[in-house]
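Pasting the structures here.
The two complexes that follow have chain A in common; it is paired with chain B in the first and with chain C in the second.
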Partner chain A sequence: MATVSFKNVCKNFGDQEVVKNLNLEIEDQEFIVLVGPSGCGKSTSLRMLAGLEEITSGDILIGDTKVNDMEPKDRDIAMVFQNYALYPHMNVYDNMAFGLKLRKHSASEIERQVNEAATILGIEHLLERKPKELSGGQRQRVAIGRAIVREPKVFLMDEPLSNLDAKLRVQMRAELAKLHQKLKTTCIYVTHDQTEAMTMGDRIVVMKDGVVQQVASPSELYNSPNNIFVAGFIGSPAMNFIDCKVKQHNGQTYLVNEDGFSYLIDNQLADYNDKEVVFGIRPEDISYDTTDTPKENCQQVRVDVVENLGAETLLYVSFGEQSVVCRFMGAPKHSVGNNINIALNPNRYYIFDKETGNSLLK
Partner chain B sequence: MSTGKSLEAPAQQQPQPSGSPKAGGRFKRLLTTENLMLAPAITVLASITIFPFLYLIYASLMDFALAMDDPTFAGLRNWVRLFKDPAIAQSWKVTLIYAVVGLGLEVIIGVGVALLLYATPWGRNIFVTLWMLPIFVAPVVAGLLGWFMLNSSYGLYAWVLQLVGINTDIFGNVATALPAVILIDVWEWTPLITLIVLSGLQSLPSEPLEAAEVDGASYWQKLRYVILPLSARIIVVAMLIRSMDIMRFIDTIFITTAGGPADSTKIIGLRLFEVAFRFMDIGYAAAIGLSMLFVTILLGQAFVKVMYGR
Partner chain C sequence: MAKDKLTTRKIVTRVLILTALTIAMVWALLPIVWMVLSSLKTEAGMFSMPPKFIFKPTFSTYAFMFDEGNFGQFLNNSLIAAGSSTVVALLLGTFGGYALARGNYRGKKHIAFWIISTRMTPIAAAIVPLYLIFANFHLIGSTFGLVVAYTTFNLPFALWMMMTFFAELPPDMEHAAMVDGATKFQAFYRIALPQVAPGLVATGILCLMFAWNDFAFASVFTGHDTQTIPVAASLLVSQTGIAWGQAMATGTVIILPMVIAGLAVRKYLVRGLSMGAVK
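Then we have the complex of A and B:
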């Protein structure tokens, strides 16, 4: 078990900067998730830590040891790959025992460790099989088993669940979280799926175009995103964004736009009077407005699409050119084409600078 | 399935009187679009392989010499002779040595060079092109080249060998002729093994190799436990192609030693050539040819077993 530090780490492929000045301190026993759209540099960061990619500049430390020029085999890490990367010619037992054999553990010790890991993962009955005789979920268990038998300082997981079907992914997600609670090994997990990030990470690193956008706990990311990218990336369905202008009226500050949108904010935003901003509100912070009289922070909208998910309903509504997603509990009460009134929660909103995308609420 | 049936059925019907209405119906069914479209290909295939093959069987059962008027039936005489002929046994022995030593060297060197090229981070294409040059040389030319180089009067290699005290006519000495022709074969055909194996190495999935690195494997351990097992199949394919090639190979030896001295380089292909076109004994040559085909099929089967039996 160990801490991991990235200090000013950069990675270029030719002229292209893939990772730009990455600084990250990962604590011992932490489960940290690197998340971002494809091409954001998250996998490259992980592979640099594994030693599979060279670092262009900066330092990577595992514990107190600088590992920049160390071979992967000397870094004492274990990695789970997206495509499992099992050795196709070896059976499950040999796949899991391979790393231990290379480290010259005794045969009895190897057998004990492999059996222990197989029991944890529920694959004892598969030990004699070849990878091609296993299902995707079983293969991924073997790949995880191969990582945990080694008892490494750090686990690296590169999109380990993305080749599994949806149901299995949810199941394995919970199992991985449980496994981490049991083993307490520092774990760095790469995914493009914000749900995985939110459910598994102690802390989440959101990356975009090789730059870290925010490092925070899941609830902090959700409640106070640094910028419009993080706000839009975390949460499903994604946050609604409405372009509008700041207007002072009778000593109060409103956000308004040409589609008839009007929202009273308690924040003064004095510097932004008459300037363009982006208003953000999460689908779950919108409710039905059942009163007939128009109120503050209410909006008449037309229902475009109704998605009934059983426990909840997603309504895709619009007013003027603006589309908004709303999330309500229970079965749908409206059908397509209806005009309804929605109420925007007056206390849970986000405002971002139109130019920089940075949050204006602090 | 239905196509197969309709192909078989008329064959069974043939002995029947041709006027029967049933046979006519079967014949009509044979003329389906797919069969008609297959027909040209099957005809060509039949004319270039099946007919000569059947003719070969026929010839092997005849007393068939080009000089004689008409072939006469010989029964199994050619076949009995084949198994009793010490010259044939000698040729098989030479072929075995030629194949095992030549192929062994080619595989060891070819795979080694392929691994080197695979590990080369830059300029791989230039090295590959240079290394491949011998393949583009016609085997006859390769033979002529070897003959010039090793000629005891003016050959460059012979001169070098003489400098280190080896004073002999390389192709005229029973002890050196076979090694010399094997080395020419190795020179010409090792790059083919490299080419096949390198293409196999380049198509290996990168993730198991990376997993092995992370698992703690050194280069040699990675080679021993991951790279070689994963590319075993392609190496067997290369060996299969080369071994079948060696079976019917004569060009280089024909040019350099013509099978001598004292039959020490007369591989079975060359023996066949001699029986057929010098002694004009077509019947016996056919039997030799069929026996070579039989051995080649067995060899191919063995390789395929190794390939898929794992």
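Then we have the complex of A and C:
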């Protein structure tokens, strides 16, 4: 077990800067998730930590040891790859024992460790099989087994669940979280799926174009995103964004636009009077029950699409050119073409600078 | 009705395909069968009309070739020249191919193309310069010279083939091995190499065939003692006539090792030659 630090780490491929000045302190026993769209530098960061990718500049430390020029084999890490990367010519037992054999453990010791790891993952009955005789989920377990059997200082996981079908992914997500609670090994997990990030991470690192956008706990990311990118990336369906202007009227501040949008905010935004901003509201913060909401925060809309998900309903509505997604609990109460009044929660909104995209609420 | 029609059509298609395959098979195999059968007949029996397919075989021609002539030595020369060149080409080609597939340096593609371009030289164009070089190093007439000549053609081929096989292998498995505790070399020979084994075998067979079947190099670079079988076979056609019995027996001996090798590794051969074709 160990801490991991990235200090001013940069990575260039030719002229292209893939990771720009990454600074990150990962605590011992922490489960940290790097998340972002493809090409954001999250996998590259992980591979630099593993030693599979050279660092252009900066330092990476595992514990107190600088590992910049250390071979992968000497870093005492284990990694799970997206395509599992099992050794196809070896059976499951040999796949799991490979690292231990290279480290010259005794045969009896290897057998004990492999069996122990296999028991934890419920794959004891598969030890004699070759990878091609396994299902996707079983391969995934073997790949994880190969990682945990060595009891490394740090686990690295590079999109380990993306090749599984949706149902299995949800199941393995929970199992991985359970496994981490049991083993308490520092874990760095890369994914492009914000749901995985939100459900598994103690902390989440949101990256975009090689730059860290925000490092925070899941609830902090959800409730106070630093900028419009994080706000739009975390949460499903994504946050609604409405371009508008700040207007002072009778001593109160409104956000308005030409589509007839108008929303009263309790924040003065004095510097922004008459300037363009982006208003954000999450689908779950919109309600069709307008009784408790001031009429300044309600909006007349037309229903375009109704999606009934059983426990909840997604309503795609519009006014003028603007489309908005709303998420309600329960069965749909409206049908396509209806004109309804929706209440935008007066206390749970976000405002971003139109130019920089940074949050104006802090 | 529609169903019946479909079945008839299927049967016709099947019959046509089988007929075509039979013709192709007879076309390919008849000369070989003819040669093998002839080698087991007496000279008189060889030309009897109509040809006999059932007869009492005689091994007298073979016995004569191995006992009276130098045939055993020619066979030995062929095996040594072709075998050594194949081993050298595979060994260096595997390392070189891996380096070209996995290495990350400038001009990689150009180097790879330059290497394979040397294989594109017609043998006739290479023989004269090679002859001059070999003459300087006193390699004319030696089996070693022949091995060098074969390797100049087999090595670029083997290297290129192995490079393609390694390049098709996802590097993640070697990365996983390195994270697991393997050195780069261990990741190469314990993880990557076993997976391209079919390709290695296929490449080996092709190198072996090139050297084994070669006549041009062997006829120029070998002396009396270092002749290979194809050269020896050519000498059976002389001004005074053709030694038909020996020619047939020599032909049989030439193709036999390749047929056996091909059959022994045909599982790998199919997989190796179709590597990359199936994606």
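Note that the second predicted complex is superposed on the first by the 356 of 362 C-alpha atoms of A that agree within 3 Å, B and C clash if a C-alpha of one lies under 4 Å from a C-alpha of the other, contacts with A are read in each partner's own complex, and residues count from 1 in each chain.
The working rule: a contact is a pair of C-beta atoms (placed from the backbone, for glycine too) under 8 Å apart; a residue touches a chain by one contact, two chains touch by 3 or more.
Please read these numbers as outputs of a predicted model, since none were measured by experiment.
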Partners on chain A (chain B, chain C) - clash or fit = clash
Task = Considering only touches as defined above, state whether A:Leu52 meets chain B (first), chain C (second), both or neither.
result = both
Task = Considering only touches as defined above, state whether A:Val278 meets chain B (first), chain C (second), both or neither.
result = neither
Message = With both complexes overlaid on chain A, does A:Phe81 touch chain B (first), chain C (second), both or neither?
response = both
Request  = Look at A:His89 in the shared chain and tell me whether it touches chain B only, chain C only, both, or neither; answer first, second, both or neither.
outcome  = both
Request  = Name the contact category of A:Ile204: first (chain B only), second (chain C only), both, or neither.
outcome  = neither
Ask   = Who does A:Leu255 touch here: chain B (first), chain C (second), both, or neither?
value = neither
Ask   = Which holds for A:Phe98: it touches chain B only (first), chain C only (second), both, or neither?
value = both
Chain B versus chain C as contact partner of A:Ile265, first or second or both or neither = neither
Note = On chain A, the footprints of chain B and chain C overlap at residues 50-52, 71-73, 77-79, 81, 83, 85-89, 98-99, 102-103, 146, 150, 156
Remark   = The answer for chain C against chain A in the complex is residues 170, 172-173, 175-183, 186, 191, 194-195
Query = Can you list the residues on chain A that touch chain C in the complex?
reply = 50-52, 71-73, 75, 77-79, 81, 83, 85-89, 98-99, 102-103, 146, 150, 156
Task = Sort out for me which residues of chain B touch chain A in the complex.
result = 205, 207-208, 210-218, 221, 225-226, 229-230, 310
Message = Taking the touch rule as given, give the residues of chain A at its contact with chain B in the complex, in rising order.
response = 50-52, 71-73, 77-79, 81-89, 98-99, 102-103, 146, 150, 156
